[in-house]
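There's a structure below that I have some questions on.
The chains carry the letters A, B, C and D, assigned in the order they are written, with residues numbered from 1 in each.
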Amino acid sequence: MPNGGPNSQAILVVGGGIAGISAAVETAEAGYDVILLESSPVLGGRVSRLNRYFPKLCHPTCGLEINYQRIRGNPRLKMFTMATVAGVSGEKGNYTVTVKTTPRHVNAKCTACGDCAAAATSEVPDASNYGLTTKKAAYLPHEHAFPMRYVIDPSVIGTPEADAIKAACKYDAVDLDETEQTFDVTVGAIIWATGWRPYDAKNLTAYSYELPDVINNVEMERLAAHDGPTDGKILRPSNGEEAKRVALIQCAGSRDHNHLAYCSRICCLASLKHAAYVREQYADADVDIYYIDIRAHDKLEAFHQKLKNDPQVTFHKSKPAAIVEGPDGRPVVKGEDTVTRDVYARDYDLVVLATGMEPSTAGFDLPVTLSQDDYGFIVPHVEDTDGMFSAGVAQGPLDVSMSVQSATAAALKAIQAVDGA
Amino acid sequence: MSERKIGVYTCGGCGIADALDMDQLEAAAKEQKAGFCKSHDCLCSDEGVALIAADVAAGEVTHPIVAACSPRVMEDKFRFDGVETIRANLREMVVWSHPANDEDTQMLGDDQVRMAIAQAKKSMPPEPWTEGAFSETVLVVGGGYVGLTAALEAAAAGHQAILVERSDALGGMSAKWSKVMPHLPPYRDPQENPVAGLIAKVEASDKITVMTDTIVTKTNGMPGKFEVELTRAGTPSAETVGAIVVATGWRPYDATKLGHLGYGASPDVVTNVELEGLLGDGPVARKSDGKAVKTVAFVQCAGSRDPAHLPYCSSVCCGTSIKHAIQMVDADPEVMAYIIFDELRTPGTAEEFYRSAQEKGVIFVKGKVEKVDGDLTVTYHDALLGDDIPMAGLDMVVLATGMVPNSTNVEAPALELEDEKLVPLKDDINPAAPIAVAGYKEGVDAPEAPARPEPSMPEGAPILNLQYRQGPHIPMLADGFADSHYICFPYETRRSGIYTCGPVRRPMDMGEAGQDAAGAVLKAIQAIRNVKQGKGLHPRSGDLSYPKIDLNACTKCRRCTVECPFGAIDEREDDYPQVNPSRCRRCGTCMGACPVRTISFDNYSVAMINDMAKAVEIPDEFDEKPRVLILACRNDAYPALDMAGIQRETYSAMVRVIPVRCLGSVSMLNASDALSTGYDGVILMGCKSGDDYQCHFVKGSGLATERMGKIEETLKSMMLEKERVQTMEVSIADSKKVGKLIDDFVATIDEIGLNPFKGF
Amino acid sequence: MSKKYTYYPGCSSEGSGSHLDISLRAIAPKLGVELEDLNDWNCCGASVTHVEAGALPTAALSARNLANAQKQGNAEVVTSCAACYLKTHQTNEKVRDKPGFKDKINEALGAAGMSYDGELHVRHACEVIVNDVGLDKVREQVTKPLTGLKVAPYVGCQTVRPFAGTDRGGEYDTYDDPEFLDDFIEACGAEAVEYDAKTACCGGAVSLMSPDKTLGLMKKILDEAKEKQADVIATPCPLCQQNVEMYQAQVNEKFGTDHNIPVVFYSQLMAVAFGMDPDKDGCLDRNTISADVVKQKAGG
Amino acid sequence: MTAPLPESNGKKYDLGFARWVYENVDGGDKLSMCMQCGACSGSCPIGTEMDHGPRKLFMMIRAGMKEDVLKSNTMFNCTSCYNCVVRCPRKVPVTYILQDLGRVAQRLGYAEAKETDNARFAKAFFWSTRKFGRTDERLFSAKYYLSFGVGEAIKMAKANMPVARSLMKAKRMHLGMPHKIKGVKELNAILDKAEEIEKREQGV
């Protein structure tokens, strides 16, 4: 129970992806004040850019919608977008956190009417489609954006275009002079739910990611998404033809000492899902999955078996040695099939690299010292004296369900920290 | 509430005033007897909000109607203390999805206002149900690692806990482990078993009451006030608890069913659990002759991933065998350990543990074991050498048997149950159902769909023996795990206030299970704290409304008690339904089930939906303008329609959309009444049903389909075509499809003609 | 300003790869690189001797060179031969990192009263050009840009694998798509064609012992150079140069092709582009397939 | 660690052999890390010339298939391109292991090993190294040809004549006395010692 003492009862959640959202709403619904920080303009994080979840093939936006309803209906939960942590001081029960916000150039008066986008003329890469498309420099990140508020790309600030955008807004919502701000909040506990980024496939030099028809798995999600660059049709980026011969390459970076030494856990299932995407669309599609071990743990094994049953989905136990450009520009996957010992070179319409998850905290200086493993994952909970916890992929390579589990656990730990402090 | 004062506030912003005649909206509001109608060019601006706030403060309005954007936005701005704001969606569903300054668009806008007023006329501020005393104690069932952790977590959060253990000692399965798999960096070596330490902590806690040799023989009541009967050595005692955490764990798969893997053929063919008993600080002595084991083979997937045994992967066996091999090699570096696997599963950072074993020289072999002889020769097909290989000269063979969930108490006899109490087990999903594919290439035959698992009763007695109308068991999935079917909401079992965690929920290792225990405790505490205030639990968290039944009208038909997805309604001895409000998740399925519309919520009812539908102005038959009523699930279909507007997708303006809590809350009467008042068609839009159902209330859309299947008779008696009523599965990602679905339906109506009842 | 390195030319410098050695010695001063020959250097064993000699004796070959280099005083040993680099660098790193190895090596060296402490840094000439000299310096020296010369950048294997991406290897390029040779070529004013066979294997020593097994590999390298209309193939590796140049007749015979494409070293291109004597310094007269096209393109 | 190479008893999955390789073959300590992904064999430029390829050979080592391993031609077809080494996700030094396994097979007198081109070539090459301290391309080539017998040698030399001639013309063949380093004696002392150490360590 809140003890009403001098210490702060509020709990800070850093990161507004599925783990951060879950941690925040679960904490708030247990009766605590929560501050949720998200570095991008919208909540939802990586999962909001997935087409569907394995193994149910349901849409992530469905669960997000429920969570957004929970957030909207709960006055205890305050969120800040485009906000990151710049510094942390203090101790369990009484942390002072310096929050830094980057300018959105659109204030709370925005009604999301879209007049600014109509006035914008330049195009910027669409981060919500991993840069596969562009969008106007004044934009709503995507149709399910929460908060539903526009953003003005910093690239147009100081140009006549920006002035035109500002002039187009009837509600005085455009603030071209907005600058980076910092402010302090006092909280009793902190949950780090900083998530992940896809491992950079450019590092996999043997896999020719630069070829247009070699993409990574998060891009595949966008190709399959109804609001993605192809309206959900799985087409070859090179020429817009239907991608019917598709190779899915597992462990593209993961389980590899040259890249990510750990197993990213989700990629096998994600690729099985991608096989389903392709098979759902094309009767005459052939999908080849190249793998070391298919890690469909627990009841997810049923999903593995479903795909194994499809005669047009073939599993090759083989880590491809290279992907090269074929004579007609098609990607050719080369390697040794370890079961048959065939040395193969097969060409495809589309090759999807199942790149793994790298913690967002890897390679970045955190504003505070946390217990991290060699990969950059934040060890969930070390000492009882600590009021900081991790949740979701910040903690390790977890799937969505496990991320929510860990977030719910972190919520409890945070509550204990503020109650007991 | 003294007097209902309805005021309409129309917003002209975001292009609404450019596309609609605002005066006409006002006229519609007046005609529906709204107290007043005010217009503003941007209601969500500070001035706009102040305008409404002033009226609320002055007592001018009790039901402000904000006719502006979708209810999915600006909720915080239009929330005013003490009054219920009602939204009319003029932006996303009118001007953004239909042509501006068009007669039909205007009629749609007018009707949005009319419907909101009709809603305001019926809606009452919900009174929370907070009768009687509420307990804050957490009952934890199962005294193994997960249960111990759960009890300590609950205590650390300030709650009393009762920890019930079936056996005579705490510790469960894992108490026997000499070491456990690592889940902290550097993830390389087996770690000390934490269980003894947890037991000591639990025993030292003044907040935890431990009851060993005890089982739960009855569970009655509801969250906040569960009445549980705990029986110790035949003597029952009663306790009241607020929430229940089920951590009954697992048992090893019965190895006697694994004769083909040599179990029973030699004392030196042991299971991984039996091996735990042989592991100590020194080398392992084999059972038969006490000789130190120098060569050992681990047979993975012994039972797991085998349709004849356990169809699922038990998740932990690969890591467990690695742990065993490392322990044996550490104790005696001369030990040769082979692990024969099909897929080696050390996901996440456990990959490091796999490498650690390899570094120690453990040999991993990909293959399928065909037989194990009494002389311990393991014959297997080596997938990589492409050869059947007899592995001879082994001192011991370890079968890595999998996990079977203790979702029942197999030590106690099963209960005799009437058929209908089997419901939670029968309507389970089929995880092996084939995925939807576009088809097969010419000459390629589709594989046969795997047989649906037979609905069956699990062996043994129910864990909690719920005294619920819907039976004593916690609902389980097809493989017997008492898990949630939701990816984003893993704790949502179908019994409110009861949370499962650990291997009873899903095969998982101790690292994960410890966190799972904490997560389940959070949900338990959350339930305790919310039901005390009369607040609903997930997904309608905080909803104060709950179903009220007018028993005078009730026909005791039992549909509500049977159809409630959460088993919230029991039957009294006199057969009348009895709502247990804090079990209720507020979906309204009971309301949709009731044939005599006698179940309603303060702010949501069949009558309200009917009134809203009736508020729409139906053009007469000579106008040739059909009207189609869409009852759309507010969680998925309604947002999809909203997003169609955001994407500026257009669709027929002949439709009138009413959001519903869940399609399960839609009564057949809503459809038949709409048709009898002149609507030309009715669409029920909800989530995917079936094996991969996406309904947040489990079976709303499935029930709607079932109910509307029965409406055919009614339609026939009204001499109406069955095509006029359709249930559509619309997902939240269908923003670009939903318009076409609507247009196709309207075209069908055009084809079959307008409803002859118009104007009656 | 120049920097002094101990230079290990390797056996091929005395025979088939003499044009690499001579041209490199010619351009070095212009790049501020002072090469001091390693005293009484011996063969590195290449990717050959291990089958006869074993791993430790093979390493001992390099160890003797390293021991001599240590006495010589320069902190860095540079070599331009891929095999010499690989073996010497590898032995050096083993001495530094592999437990027990240093003792074994010194036990062997001790038989001749020598020792090595593992403190030297063994580098490849190309890596030195990339990391120490810099491309700007190369560009500055160009007086006769090879304008219009189309060059297939053929890096081969051991110049980049397995050390180009490592910390001690100077992290100067990638294993599969190295850019340094393209950069050298462009710096000389020539055009580097897109060349997928860039790091394809020529067969190495297997080509010398059993060419019939590897002619197909060389064909691929030649075919693509032809397809990309390269005037010459450029390489940093003496064995690659020798194989790809020398076996063209046999490739043609076996596969019915008509390859006749010169294979030169980057250092030859640099010497010519730097305005030095194309034959005396650039050694173009030492190519068995005439590389005079380089001379012709050299702008004046 | 000194351990005699275990006798072959035809038993598959003889960890004795695997352990011996782990402990005595150059790079073998990393061989246990192989997870049979196939990246090595898949990246091999002349894998088609190999009977097993490195990945399968490693599995055979683990399986204790000593005879099959030591009679394999895989080791002798390695071009030392190091594709496998840089690609191996477990950083197994595939090339080193193959090279040293080849030597083990050769040293143990397996005819399949001794008669490979590679073994003959290495013998000739190392002869030159030991004799002069450097490899004299002309002399060791001749020595290599001669390992096949005089008749064969003449044939081979003839076939190679156009190349030799053109190299000579291009001043790329060293003629006359081979360059002999000053420290030939010293070098041989070092090599003898190294061989002695290796023998001591491995027993072969």
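Rule of thumb we're sticking to: a residue touches a chain if its C-beta (ideal position, glycine included) is under 8 Å from a C-beta of that chain, and two chains touch if they have at least 3 such contacts.
The structure presented is a predicted model; accordingly, all values stated were derived computationally and were not measured.
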Those chains which touch chain B and also touch chain A: D
A-C compared against C-D, more contacting pairs: C-D
Innermost chain by mean C-alpha position: A
Cα-centroid distance, chain A relative to chain C, in whole angstrom: 45
Euclidean distance of C-alpha centroids - chain C vs chain D, Å: 22
Chain A-chain D separation of Cα centroids, rounded to whole Å: 49
Euclidean distance of C-alpha centroids - chain B vs chain C, Å: 65
Junction residues of chain B, two or more chains touched: 344, 366, 384
Residues of chain A whose C-beta touches two or more other chains: 206, 255, 317, 322, 338, 341
Chain D, residues touching no fewer than two other chains: 35-36, 56, 83, 86, 90
Graph class of chain-chain contacts, one of line, ring, star, complete, other: other
Pairs of chains found to touch, sorted by chain label: A-B, A-C, A-D, B-D, C-D
Touching residues (chain side chain D, partner chain A) in the complex: 35-43, 47-48, 52-53, 55-56, 83, 86-87, 89-91
In the complex, chain D residues that touch chain C: 26, 45-46, 49, 75-83, 85-86, 96, 99-100, 102-103, 106-107, 117-123, 125-126, 128-129, 133-138, 141, 144, 162-163, 166-167, 169-174, 179, 181-183, 186-187, 189-195, 197-198, 201
Contact set on chain C toward chain A in their complex: 174-177, 196
For the chain D and chain B complex, residues of the former touching the latter: 11-13, 15, 18-19, 22, 32-36, 56, 59-60, 62-63, 90
Sites on chain B touched by chain A in the complex: 13-15, 42, 44-45, 69, 72-73, 75-76, 79, 153, 156-158, 184-187, 305, 311-315, 343-352, 366, 383-384, 386, 431-442, 444-447, 450, 477, 479, 481, 483, 485-491, 506-508, 512, 515-523, 525-526, 529-530, 538-539, 541-542, 635-636, 639, 643, 646-647, 687-688, 692, 694, 696, 731-737
